[in-house]
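I'd like to ask some things about the structure below.
Order as written gives the chain letters A, B, C and D; numbering starts at 1 within each chain.
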Amino acid sequence: MLALDGFLDAHTAPEFEKAIQDEIDADHLQLIVDCSKLTYISSAGLGVFMGFIEELRERGGDIKICGLSPKVDQVFEILGFHALYDIVPDVPAAVQRFTDAPVKEV
Amino acid sequence: MLALDGFLDAHTAPEFEKAIQDEIDADHLQLIVDCSKLTYISSAGLGVFMGFIEELRERGGDIKICGLSPKVDQVFEILGFHALYDIVPDVPAAVQRFTDAPVKEV
Amino acid sequence: MTAIENTFTLDVPSSTANLAIIRDFVTRIAAQAGLNEVEVGQLELAVDEACANVIEHAYGDDKTKQVMIRAVFDEDTLRIHVIDTGQGFDPTQIPQQDLKDLIAKRKTGGLGMRLIKTLMDEVTYEIEPGRKNELRMVKKLRK
Amino acid sequence: MTAIENTFTLDVPSSTANLAIIRDFVTRIAAQAGLNEVEVGQLELAVDEACANVIEHAYGDDKTKQVMIRAVFDEDTLRIHVIDTGQGFDPTQIPQQDLKDLIAKRKTGGLGMRLIKTLMDEVTYEIEPGRKNELRMVKKLRK
(Lines give C-alpha, C1' and ligand atoms only; values in the text may rest on other atoms or scores of the structure.)
Protein backbone atom coordinates (compact mmCIF):
# COMPACT_ATOMS: atom_id res chain seq x y z
CA MET A 1 0.00 0.00 0.00
CA LEU A 2 1.13 3.50 -0.85
CA ALA A 3 -0.27 6.63 0.80
CA LEU A 4 -0.10 9.97 -1.01
CA ASP A 5 0.13 13.19 0.95
CA GLY A 6 -0.01 16.83 -0.19
CA PHE A 7 0.16 17.54 -3.89
CA LEU A 8 1.09 15.35 -6.84
CA ASP A 9 2.26 17.51 -9.74
CA ALA A 10 5.03 17.45 -12.34
CA HIS A 11 7.49 18.18 -9.53
CA THR A 12 6.51 15.38 -7.17
CA ALA A 13 5.35 12.75 -9.71
CA PRO A 14 8.87 11.30 -10.27
CA GLU A 15 9.08 10.41 -6.58
CA PHE A 16 5.72 8.59 -6.71
CA GLU A 17 6.80 6.87 -9.93
CA LYS A 18 9.87 5.58 -8.17
CA ALA A 19 7.83 4.34 -5.21
CA ILE A 20 5.61 2.30 -7.53
CA GLN A 21 8.60 1.00 -9.48
CA ASP A 22 10.15 -0.15 -6.19
CA GLU A 23 6.98 -2.09 -5.32
CA ILE A 24 6.95 -3.77 -8.72
CA ASP A 25 10.65 -4.59 -8.47
CA ALA A 26 9.87 -6.28 -5.15
CA ASP A 27 7.16 -8.31 -6.96
CA HIS A 28 4.36 -6.52 -5.12
CA LEU A 29 1.75 -6.44 -7.85
CA GLN A 30 -1.43 -5.78 -5.86
CA LEU A 31 -1.07 -2.10 -5.12
CA ILE A 32 -3.45 0.08 -3.15
CA VAL A 33 -2.90 3.82 -3.47
CA ASP A 34 -4.55 5.70 -0.61
CA CYS A 35 -5.24 9.28 -1.72
CA SER A 36 -7.13 10.41 1.39
CA LYS A 37 -4.43 12.98 2.21
CA LEU A 38 -3.90 14.03 -1.39
CA THR A 39 -4.99 17.63 -1.86
CA TYR A 40 -4.14 18.15 -5.53
CA ILE A 41 -3.30 16.16 -8.64
CA SER A 42 -2.29 17.23 -12.15
CA SER A 43 -1.94 15.15 -15.31
CA ALA A 44 1.69 14.43 -14.42
CA GLY A 45 0.39 12.62 -11.35
CA LEU A 46 -2.23 10.73 -13.35
CA GLY A 47 0.52 9.74 -15.76
CA VAL A 48 2.11 7.60 -13.06
CA PHE A 49 -1.11 5.55 -12.80
CA MET A 50 -1.14 5.22 -16.61
CA GLY A 51 2.43 4.08 -17.18
CA PHE A 52 2.38 0.97 -14.96
CA ILE A 53 -1.13 -0.37 -15.26
CA GLU A 54 -0.68 -2.52 -18.38
CA GLU A 55 2.39 -4.27 -17.04
CA LEU A 56 0.74 -4.87 -13.66
CA ARG A 57 -2.42 -6.32 -15.17
CA GLU A 58 -0.51 -8.53 -17.60
CA ARG A 59 1.26 -9.96 -14.59
CA GLY A 60 -2.00 -10.55 -12.69
CA GLY A 61 -1.78 -7.47 -10.49
CA ASP A 62 -3.61 -4.15 -10.40
CA ILE A 63 -3.75 -0.71 -8.84
CA LYS A 64 -6.82 0.03 -6.70
CA ILE A 65 -7.23 3.73 -6.01
CA CYS A 66 -9.06 4.95 -2.88
CA GLY A 67 -9.84 7.95 -0.72
CA LEU A 68 -10.20 10.56 -3.46
CA SER A 69 -11.44 13.95 -2.30
CA PRO A 70 -14.12 15.51 -4.53
CA LYS A 71 -11.54 17.94 -5.94
CA VAL A 72 -9.08 15.21 -6.88
CA ASP A 73 -11.82 12.86 -8.05
CA GLN A 74 -13.03 15.48 -10.51
CA VAL A 75 -9.75 15.24 -12.39
CA PHE A 76 -9.93 11.42 -12.63
CA GLU A 77 -13.52 11.83 -13.76
CA ILE A 78 -12.89 14.40 -16.52
CA LEU A 79 -10.20 12.24 -18.06
CA GLY A 80 -12.21 9.02 -17.99
CA PHE A 81 -10.26 7.13 -15.34
CA HIS A 82 -13.39 5.72 -13.73
CA ALA A 83 -14.03 3.43 -16.72
CA LEU A 84 -10.51 2.04 -16.75
CA TYR A 85 -9.45 1.94 -13.10
CA ASP A 86 -10.90 0.51 -9.90
CA ILE A 87 -11.62 3.59 -7.82
CA VAL A 88 -13.17 2.80 -4.43
CA PRO A 89 -14.03 4.76 -1.27
CA ASP A 90 -11.43 3.54 1.21
CA VAL A 91 -8.67 1.07 2.03
CA PRO A 92 -10.99 -1.76 3.24
CA ALA A 93 -12.98 -1.44 0.00
CA ALA A 94 -9.74 -1.64 -1.96
CA VAL A 95 -8.69 -4.82 -0.12
CA GLN A 96 -12.14 -6.28 -0.79
CA ARG A 97 -11.89 -5.37 -4.48
CA PHE A 98 -8.66 -7.34 -4.79
CA THR A 99 -10.58 -10.35 -3.48
CA ASP A 100 -13.58 -9.81 -5.76
CA ALA A 101 -11.72 -8.77 -8.90
CA PRO A 102 -7.93 -9.06 -8.67
CA VAL A 103 -7.53 -7.60 -12.18
CA LYS A 104 -10.05 -5.07 -13.47
CA GLU A 105 -11.72 -6.13 -16.73
CA VAL A 106 -11.67 -3.27 -19.21
CA MET B 1 -13.98 38.70 24.61
CA LEU B 2 -12.79 38.84 21.03
CA ALA B 3 -11.28 35.87 19.19
CA LEU B 4 -8.98 36.44 16.23
CA ASP B 5 -8.77 33.91 13.44
CA GLY B 6 -6.47 33.71 10.41
CA PHE B 7 -4.28 36.69 9.61
CA LEU B 8 -4.34 40.27 10.90
CA ASP B 9 -2.69 42.56 8.37
CA ALA B 10 -3.32 46.00 6.87
CA HIS B 11 -6.27 44.50 5.01
CA THR B 12 -8.06 42.92 7.96
CA ALA B 13 -7.02 45.36 10.73
CA PRO B 14 -9.91 47.83 10.06
CA GLU B 15 -12.42 45.07 10.81
CA PHE B 16 -10.72 44.26 14.13
CA GLU B 17 -10.53 47.97 14.92
CA LYS B 18 -14.27 48.23 14.40
CA ALA B 19 -14.92 45.21 16.62
CA ILE B 20 -12.97 46.82 19.48
CA GLN B 21 -14.66 50.18 18.93
CA ASP B 22 -18.05 48.44 19.15
CA GLU B 23 -17.08 46.90 22.49
CA ILE B 24 -15.98 50.26 23.86
CA ASP B 25 -19.13 51.92 22.56
CA ALA B 26 -21.09 49.31 24.51
CA ASP B 27 -19.06 50.24 27.61
CA HIS B 28 -17.24 46.93 27.64
CA LEU B 29 -13.88 48.05 28.89
CA GLN B 30 -12.35 44.78 30.11
CA LEU B 31 -11.37 43.19 26.83
CA ILE B 32 -9.77 39.80 26.33
CA VAL B 33 -8.34 39.18 22.86
CA ASP B 34 -7.86 35.46 22.23
CA CYS B 35 -5.19 35.01 19.54
CA SER B 36 -4.99 31.20 19.69
CA LYS B 37 -6.24 30.92 16.10
CA LEU B 38 -4.24 33.88 14.83
CA THR B 39 -1.60 32.68 12.36
CA TYR B 40 -0.04 36.00 11.36
CA ILE B 41 0.14 39.61 12.52
CA SER B 42 1.76 42.68 10.98
CA SER B 43 2.29 46.15 12.47
CA ALA B 44 -1.13 47.21 11.16
CA GLY B 45 -2.64 44.59 13.47
CA LEU B 46 -0.51 45.71 16.41
CA GLY B 47 -1.63 49.26 15.72
CA VAL B 48 -5.16 48.31 16.75
CA PHE B 49 -3.88 47.32 20.20
CA MET B 50 -1.97 50.61 20.40
CA GLY B 51 -4.74 53.01 19.44
CA PHE B 52 -7.26 52.08 22.12
CA ILE B 53 -5.16 51.19 25.13
CA GLU B 54 -4.77 54.69 26.63
CA GLU B 55 -8.47 55.42 26.50
CA LEU B 56 -9.34 52.04 27.98
CA ARG B 57 -6.89 52.37 30.83
CA GLU B 58 -7.96 55.92 31.60
CA ARG B 59 -11.48 54.61 31.96
CA GLY B 60 -10.38 51.75 34.25
CA GLY B 61 -10.38 49.05 31.60
CA ASP B 62 -7.64 47.16 29.77
CA ILE B 63 -6.86 44.71 26.98
CA LYS B 64 -5.45 41.35 28.07
CA ILE B 65 -3.91 39.44 25.18
CA CYS B 66 -3.71 35.64 25.24
CA GLY B 67 -3.00 32.54 23.16
CA LEU B 68 -0.11 33.91 21.08
CA SER B 69 1.65 31.35 18.91
CA PRO B 70 5.46 31.57 18.97
CA LYS B 71 5.42 33.15 15.50
CA VAL B 72 2.94 35.86 16.47
CA ASP B 73 4.51 36.36 19.89
CA GLN B 74 7.86 37.10 18.25
CA VAL B 75 6.39 40.22 16.66
CA PHE B 76 4.97 41.50 19.97
CA GLU B 77 8.35 40.74 21.53
CA ILE B 78 10.49 42.57 18.93
CA LEU B 79 8.43 45.71 19.29
CA GLY B 80 8.42 45.74 23.08
CA PHE B 81 4.75 44.96 23.71
CA HIS B 82 5.54 42.65 26.62
CA ALA B 83 6.60 45.58 28.81
CA LEU B 84 3.46 47.59 28.10
CA TYR B 85 0.69 44.99 27.70
CA ASP B 86 -0.59 42.10 29.76
CA ILE B 87 0.15 39.09 27.61
CA VAL B 88 -0.88 35.80 29.20
CA PRO B 89 -1.09 32.15 28.10
CA ASP B 90 -4.83 31.57 27.80
CA VAL B 91 -8.34 32.85 28.42
CA PRO B 92 -8.57 31.68 32.09
CA ALA B 93 -5.26 33.44 32.79
CA ALA B 94 -6.64 36.58 31.16
CA VAL B 95 -9.76 36.45 33.34
CA GLN B 96 -7.59 35.95 36.40
CA ARG B 97 -5.38 38.88 35.38
CA PHE B 98 -8.41 41.17 35.31
CA THR B 99 -9.05 40.15 38.94
CA ASP B 100 -5.45 40.58 40.04
CA ALA B 101 -4.65 43.74 38.06
CA PRO B 102 -7.61 45.31 36.27
CA VAL B 103 -5.38 47.98 34.74
CA LYS B 104 -1.77 47.19 33.92
CA GLU B 105 0.72 49.52 35.61
CA VAL B 106 3.26 50.80 33.12
CA MET C 1 -16.98 54.79 -17.38
CA THR C 2 -14.49 52.06 -18.12
CA ALA C 3 -14.49 48.85 -16.13
CA ILE C 4 -11.75 48.45 -13.56
CA GLU C 5 -9.16 45.92 -14.62
CA ASN C 6 -6.90 44.17 -12.18
CA THR C 7 -3.61 43.00 -13.62
CA PHE C 8 -1.29 40.55 -11.86
CA THR C 9 2.00 39.27 -13.23
CA LEU C 10 4.25 36.49 -11.98
CA ASP C 11 7.59 35.64 -13.52
CA VAL C 12 9.55 32.63 -12.21
CA PRO C 13 12.42 30.39 -13.30
CA SER C 14 11.34 27.50 -15.51
CA SER C 15 11.37 24.69 -12.97
CA THR C 16 8.67 22.31 -11.79
CA ALA C 17 9.71 23.36 -8.26
CA ASN C 18 7.91 26.62 -9.01
CA LEU C 19 4.57 25.11 -10.00
CA ALA C 20 3.43 25.41 -6.37
CA ILE C 21 4.14 29.17 -6.38
CA ILE C 22 2.24 29.48 -9.65
CA ARG C 23 -0.75 27.59 -8.26
CA ASP C 24 -0.81 29.76 -5.11
CA PHE C 25 -0.77 32.84 -7.31
CA VAL C 26 -3.68 31.82 -9.53
CA THR C 27 -5.83 30.41 -6.74
CA ARG C 28 -5.59 33.66 -4.77
CA ILE C 29 -6.48 35.72 -7.83
CA ALA C 30 -9.29 33.39 -8.88
CA ALA C 31 -10.85 33.71 -5.43
CA GLN C 32 -10.52 37.49 -5.61
CA ALA C 33 -12.15 37.50 -9.05
CA GLY C 34 -15.13 35.74 -7.49
CA LEU C 35 -14.82 32.17 -8.77
CA ASN C 36 -16.30 29.50 -6.53
CA GLU C 37 -14.22 26.74 -4.97
CA VAL C 38 -14.70 24.25 -7.81
CA GLU C 39 -13.87 26.86 -10.45
CA VAL C 40 -10.79 27.97 -8.51
CA GLY C 41 -9.60 24.35 -8.58
CA GLN C 42 -10.23 24.12 -12.32
CA LEU C 43 -8.26 27.26 -13.04
CA GLU C 44 -5.45 26.10 -10.76
CA LEU C 45 -5.19 22.86 -12.72
CA ALA C 46 -5.39 24.45 -16.17
CA VAL C 47 -2.61 26.92 -15.38
CA ASP C 48 -0.46 24.21 -13.79
CA GLU C 49 -0.83 22.09 -16.96
CA ALA C 50 0.01 25.06 -19.19
CA CYS C 51 3.11 25.94 -17.18
CA ALA C 52 4.26 22.32 -16.84
CA ASN C 53 4.11 22.10 -20.66
CA VAL C 54 6.21 25.24 -21.01
CA ILE C 55 8.79 23.96 -18.53
CA GLU C 56 9.00 20.51 -20.11
CA HIS C 57 8.32 21.07 -23.80
CA ALA C 58 8.90 24.74 -24.68
CA TYR C 59 12.13 24.95 -22.68
CA GLY C 60 13.13 21.26 -22.46
CA ASP C 61 13.74 21.59 -18.72
CA ASP C 62 16.24 24.46 -19.14
CA LYS C 63 16.01 26.10 -15.71
CA THR C 64 17.77 29.29 -16.82
CA LYS C 65 14.61 30.29 -18.74
CA GLN C 66 11.63 32.12 -17.29
CA VAL C 67 7.89 31.42 -17.33
CA MET C 68 5.56 34.41 -17.10
CA ILE C 69 1.92 34.23 -16.03
CA ARG C 70 -0.33 37.24 -16.41
CA ALA C 71 -3.82 37.37 -14.93
CA VAL C 72 -6.30 40.11 -15.72
CA PHE C 73 -9.84 40.25 -14.47
CA ASP C 74 -12.76 42.61 -14.65
CA GLU C 75 -16.40 42.03 -13.81
CA ASP C 76 -17.02 39.53 -16.61
CA THR C 77 -13.90 37.52 -17.32
CA LEU C 78 -10.67 36.26 -15.87
CA ARG C 79 -7.98 35.97 -18.51
CA ILE C 80 -4.74 34.12 -17.93
CA HIS C 81 -1.79 34.32 -20.32
CA VAL C 82 1.14 31.97 -20.01
CA ILE C 83 4.13 33.34 -21.88
CA ASP C 84 7.43 31.72 -22.81
CA THR C 85 10.31 32.41 -25.20
CA GLY C 86 10.94 28.74 -25.96
CA GLN C 87 10.83 26.64 -29.08
CA GLY C 88 7.11 26.82 -29.64
CA PHE C 89 4.99 24.21 -31.44
CA ASP C 90 1.97 23.87 -33.66
CA PRO C 91 -0.96 23.06 -31.38
CA THR C 92 -3.13 22.03 -34.36
CA GLN C 93 -0.70 19.18 -35.05
CA ILE C 94 -1.09 17.58 -31.63
CA PRO C 95 -3.50 14.63 -31.88
CA GLN C 96 -6.00 14.31 -29.04
CA GLN C 97 -5.53 10.80 -27.76
CA ASP C 98 -7.86 8.54 -25.89
CA LEU C 99 -6.92 7.48 -22.34
CA LYS C 100 -7.34 3.83 -23.40
CA ASP C 101 -4.87 4.23 -26.26
CA LEU C 102 -2.39 6.10 -24.12
CA ILE C 103 -2.48 3.33 -21.51
CA ALA C 104 -2.07 0.64 -24.16
CA LYS C 105 1.06 2.48 -25.37
CA ARG C 106 2.24 2.78 -21.74
CA LYS C 107 2.39 6.56 -22.09
CA THR C 108 2.68 8.66 -18.96
CA GLY C 109 1.36 11.84 -20.55
CA GLY C 110 -0.73 13.28 -23.30
CA LEU C 111 -3.66 14.59 -21.25
CA GLY C 112 -2.55 18.12 -20.37
CA MET C 113 -3.90 20.03 -23.35
CA ARG C 114 -7.19 18.14 -23.13
CA LEU C 115 -7.54 19.22 -19.53
CA ILE C 116 -6.81 22.84 -20.36
CA LYS C 117 -9.44 22.87 -23.13
CA THR C 118 -12.00 21.14 -20.91
CA LEU C 119 -11.49 23.39 -17.92
CA MET C 120 -11.34 26.79 -19.60
CA ASP C 121 -13.99 28.62 -21.61
CA GLU C 122 -11.61 29.81 -24.34
CA VAL C 123 -8.11 28.65 -25.22
CA THR C 124 -5.91 30.17 -27.94
CA TYR C 125 -2.22 29.95 -28.76
CA GLU C 126 -0.05 32.62 -30.37
CA ILE C 127 3.26 31.06 -31.31
CA GLU C 128 6.43 32.89 -32.40
CA PRO C 129 9.13 30.26 -31.78
CA GLY C 130 12.11 31.51 -29.78
CA ARG C 131 10.56 34.95 -29.40
CA LYS C 132 7.22 34.83 -27.66
CA ASN C 133 4.76 32.00 -27.31
CA GLU C 134 1.56 32.85 -25.56
CA LEU C 135 -1.25 30.61 -24.36
CA ARG C 136 -4.36 32.64 -23.63
CA MET C 137 -7.06 31.15 -21.46
CA VAL C 138 -10.35 32.73 -20.51
CA LYS C 139 -12.71 31.84 -17.67
CA LYS C 140 -16.08 33.58 -17.70
CA LEU C 141 -17.30 34.90 -14.38
CA ARG C 142 -20.86 33.86 -13.80
CA LYS C 143 -22.40 36.10 -11.21
CA MET D 1 31.83 29.43 -13.01
CA THR D 2 29.13 31.87 -12.04
CA ALA D 3 26.66 31.07 -9.30
CA ILE D 4 23.13 30.21 -10.35
CA GLU D 5 20.72 33.01 -9.62
CA ASN D 6 16.99 32.50 -9.30
CA THR D 7 14.88 35.51 -10.13
CA PHE D 8 11.19 35.80 -9.25
CA THR D 9 8.98 38.80 -9.97
CA LEU D 10 5.48 39.57 -8.78
CA ASP D 11 3.51 42.61 -9.89
CA VAL D 12 0.07 43.28 -8.36
CA PRO D 13 -2.42 46.15 -8.03
CA SER D 14 -1.73 48.41 -5.07
CA SER D 15 -4.34 47.13 -2.65
CA THR D 16 -4.09 45.67 0.84
CA ALA D 17 -6.26 42.82 -0.52
CA ASN D 18 -3.11 41.67 -2.33
CA LEU D 19 -0.84 41.50 0.71
CA ALA D 20 -1.83 37.83 1.15
CA ILE D 21 -0.67 37.02 -2.40
CA ILE D 22 2.58 38.86 -1.73
CA ARG D 23 3.16 36.93 1.52
CA ASP D 24 2.47 33.59 -0.22
CA PHE D 25 4.98 34.51 -2.89
CA VAL D 26 7.81 35.42 -0.53
CA THR D 27 7.25 32.54 1.89
CA ARG D 28 7.45 30.01 -0.96
CA ILE D 29 10.64 31.58 -2.28
CA ALA D 30 12.19 31.93 1.17
CA ALA D 31 11.61 28.23 1.82
CA GLN D 32 13.13 27.38 -1.56
CA ALA D 33 16.15 29.57 -0.78
CA GLY D 34 16.69 27.47 2.33
CA LEU D 35 15.58 29.77 5.16
CA ASN D 36 14.28 28.04 8.26
CA GLU D 37 10.73 28.47 9.53
CA VAL D 38 11.49 31.42 11.81
CA GLU D 39 13.45 33.22 9.10
CA VAL D 40 10.69 32.61 6.56
CA GLY D 41 8.28 34.29 8.98
CA GLN D 42 10.63 37.23 9.42
CA LEU D 43 10.97 37.75 5.69
CA GLU D 44 7.21 37.43 5.22
CA LEU D 45 6.64 40.18 7.78
CA ALA D 46 9.34 42.53 6.46
CA VAL D 47 8.01 42.32 2.90
CA ASP D 48 4.41 42.76 4.07
CA GLU D 49 5.41 45.92 5.98
CA ALA D 50 7.32 47.27 2.98
CA CYS D 51 4.40 46.66 0.61
CA ALA D 52 1.79 47.97 3.06
CA ASN D 53 3.85 51.21 3.24
CA VAL D 54 3.92 51.48 -0.54
CA ILE D 55 0.16 50.91 -0.78
CA GLU D 56 -0.67 53.38 1.96
CA HIS D 57 2.04 56.03 1.76
CA ALA D 58 3.71 55.92 -1.67
CA TYR D 59 0.40 55.59 -3.53
CA GLY D 60 -2.05 56.96 -0.95
CA ASP D 61 -4.36 53.95 -1.45
CA ASP D 62 -4.67 54.56 -5.22
CA LYS D 63 -5.60 51.05 -6.40
CA THR D 64 -4.86 51.80 -10.06
CA LYS D 65 -1.12 51.72 -9.26
CA GLN D 66 1.07 48.63 -9.17
CA VAL D 67 3.47 47.24 -6.58
CA MET D 68 6.35 45.11 -7.84
CA ILE D 69 8.31 42.65 -5.72
CA ARG D 70 11.46 41.07 -7.07
CA ALA D 71 13.25 38.24 -5.27
CA VAL D 72 16.68 36.97 -6.28
CA PHE D 73 18.61 34.33 -4.47
CA ASP D 74 21.84 32.46 -4.90
CA GLU D 75 23.77 30.32 -2.45
CA ASP D 76 24.61 33.16 -0.08
CA THR D 77 21.85 35.75 -0.06
CA LEU D 78 18.19 36.34 -0.69
CA ARG D 79 17.55 39.85 -1.95
CA ILE D 80 14.08 41.35 -2.11
CA HIS D 81 13.33 44.60 -3.91
CA VAL D 82 10.01 46.36 -3.49
CA ILE D 83 9.46 48.84 -6.29
CA ASP D 84 6.85 51.56 -6.72
CA THR D 85 6.37 54.64 -8.91
CA GLY D 86 4.69 56.66 -6.18
CA GLN D 87 5.52 59.90 -4.42
CA GLY D 88 8.59 58.68 -2.59
CA PHE D 89 9.92 60.04 0.70
CA ASP D 90 13.13 60.69 2.55
CA PRO D 91 13.67 57.72 4.86
CA THR D 92 16.36 59.60 6.82
CA GLN D 93 13.74 62.12 7.90
CA ILE D 94 11.49 59.54 9.56
CA PRO D 95 12.06 59.58 13.33
CA GLN D 96 12.20 56.21 15.00
CA GLN D 97 9.63 56.38 17.75
CA ASP D 98 9.30 54.46 20.94
CA LEU D 99 6.27 52.21 21.43
CA LYS D 100 5.53 54.03 24.71
CA ASP D 101 5.45 57.43 22.99
CA LEU D 102 3.33 56.14 20.12
CA ILE D 103 0.79 54.73 22.58
CA ALA D 104 0.72 57.99 24.57
CA LYS D 105 -0.08 59.81 21.32
CA ARG D 106 -2.74 57.18 20.52
CA LYS D 107 -1.00 56.37 17.23
CA THR D 108 -1.95 53.22 15.39
CA GLY D 109 1.25 53.03 13.38
CA GLY D 110 4.87 53.98 13.20
CA LEU D 111 6.46 50.57 13.72
CA GLY D 112 6.75 49.23 10.17
CA MET D 113 10.15 50.58 9.22
CA ARG D 114 11.58 49.51 12.56
CA LEU D 115 10.37 45.98 11.94
CA ILE D 116 11.90 45.92 8.47
CA LYS D 117 15.27 47.08 9.79
CA THR D 118 15.17 44.61 12.68
CA LEU D 119 14.20 41.62 10.57
CA MET D 120 16.49 42.06 7.57
CA ASP D 121 20.28 42.04 7.41
CA GLU D 122 20.56 45.03 5.07
CA VAL D 123 17.99 47.68 4.14
CA THR D 124 18.52 50.48 1.62
CA TYR D 125 16.21 52.86 -0.19
CA GLU D 126 16.68 54.37 -3.66
CA ILE D 127 14.13 57.09 -4.14
CA GLU D 128 13.25 58.85 -7.41
CA PRO D 129 9.80 60.31 -6.63
CA GLY D 130 7.13 59.55 -9.24
CA ARG D 131 9.58 57.50 -11.29
CA LYS D 132 10.99 54.60 -9.35
CA ASN D 133 11.32 54.09 -5.63
CA GLU D 134 13.06 50.95 -4.58
CA LEU D 135 13.45 49.38 -1.18
CA ARG D 136 16.20 46.77 -1.19
CA MET D 137 16.33 44.20 1.56
CA VAL D 138 18.89 41.47 2.02
CA LYS D 139 18.68 38.32 4.10
CA LYS D 140 21.89 36.31 4.43
CA LEU D 141 21.56 32.58 4.03
CA ARG D 142 23.35 30.80 6.83
CA LYS D 143 23.99 27.24 5.82
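The rule is short, and it goes like this: a contact is a pair of C-beta atoms (placed from the backbone, for glycine too) under 8 Å apart; a residue touches a chain by one contact, two chains touch by 3 or more.
The model shown is predicted, which means the values in this text are computed figures rather than measured ones.
Novice: Going by the contact rule set out at the top, which chains touch both chain B and chain C?
Specialist: Under the touch definition, chain B and chain C have D as mutual neighbours.
Novice: Hey, how far is the Cα centre of chain A from the one of chain B, in Å?
Specialist: Distance between chain centres: 49 Å.
Novice: Can you check how far apart chain C and chain D are, centre to centre, with Cα atoms defining each centre and the answer in Å?
Specialist: 29
Novice: Between chain A and chain D, what distance separates the C-alpha centroids? Give it in angstrom.
Specialist: 44
Novice: Where the CA atoms of chain A average out and where those of chain C average out, how many Å apart are those spots?
Specialist: Going by mean C-alpha positions, chain A sits 26 Å from chain C.
Novice: Which parts of chain A, given as residue numbers and ranges, touch two or more other chains?
Specialist: In chain A, no residue touches two or more other chains.
Novice: For chain D, which residues are shared contacts with two or more other chains?
Specialist: 17, 20
Novice: Name the touching chain pairs, please: which are they?
Specialist: Pairs flagged as touching, ordered by label: A-C, B-D, C-D.
Novice: Where on chain D is chain C touching in the complex?
Specialist: 4, 6-13, 17-18, 20-21, 24-25, 28-29, 32, 63-64, 66
Novice: Under the touch definition given earlier, write down the residues of chain D that touch chain B in their complex.
Specialist: Result: residues 16-17, 19-20, 23, 38, 41, 44-45, 48-49, 52, 55-56, 99-100, 102-104, 106-109, 111-112, 114-115, 118-119 of chain D touch chain B.
Novice: For chain B, which residues count as touching chain D in their complex?
Specialist: The contact residues of chain B facing chain D are 7, 9-11, 17, 40, 42-44, 46-48, 50-51, 53-55, 71, 74-75, 78-81, 84, 106.
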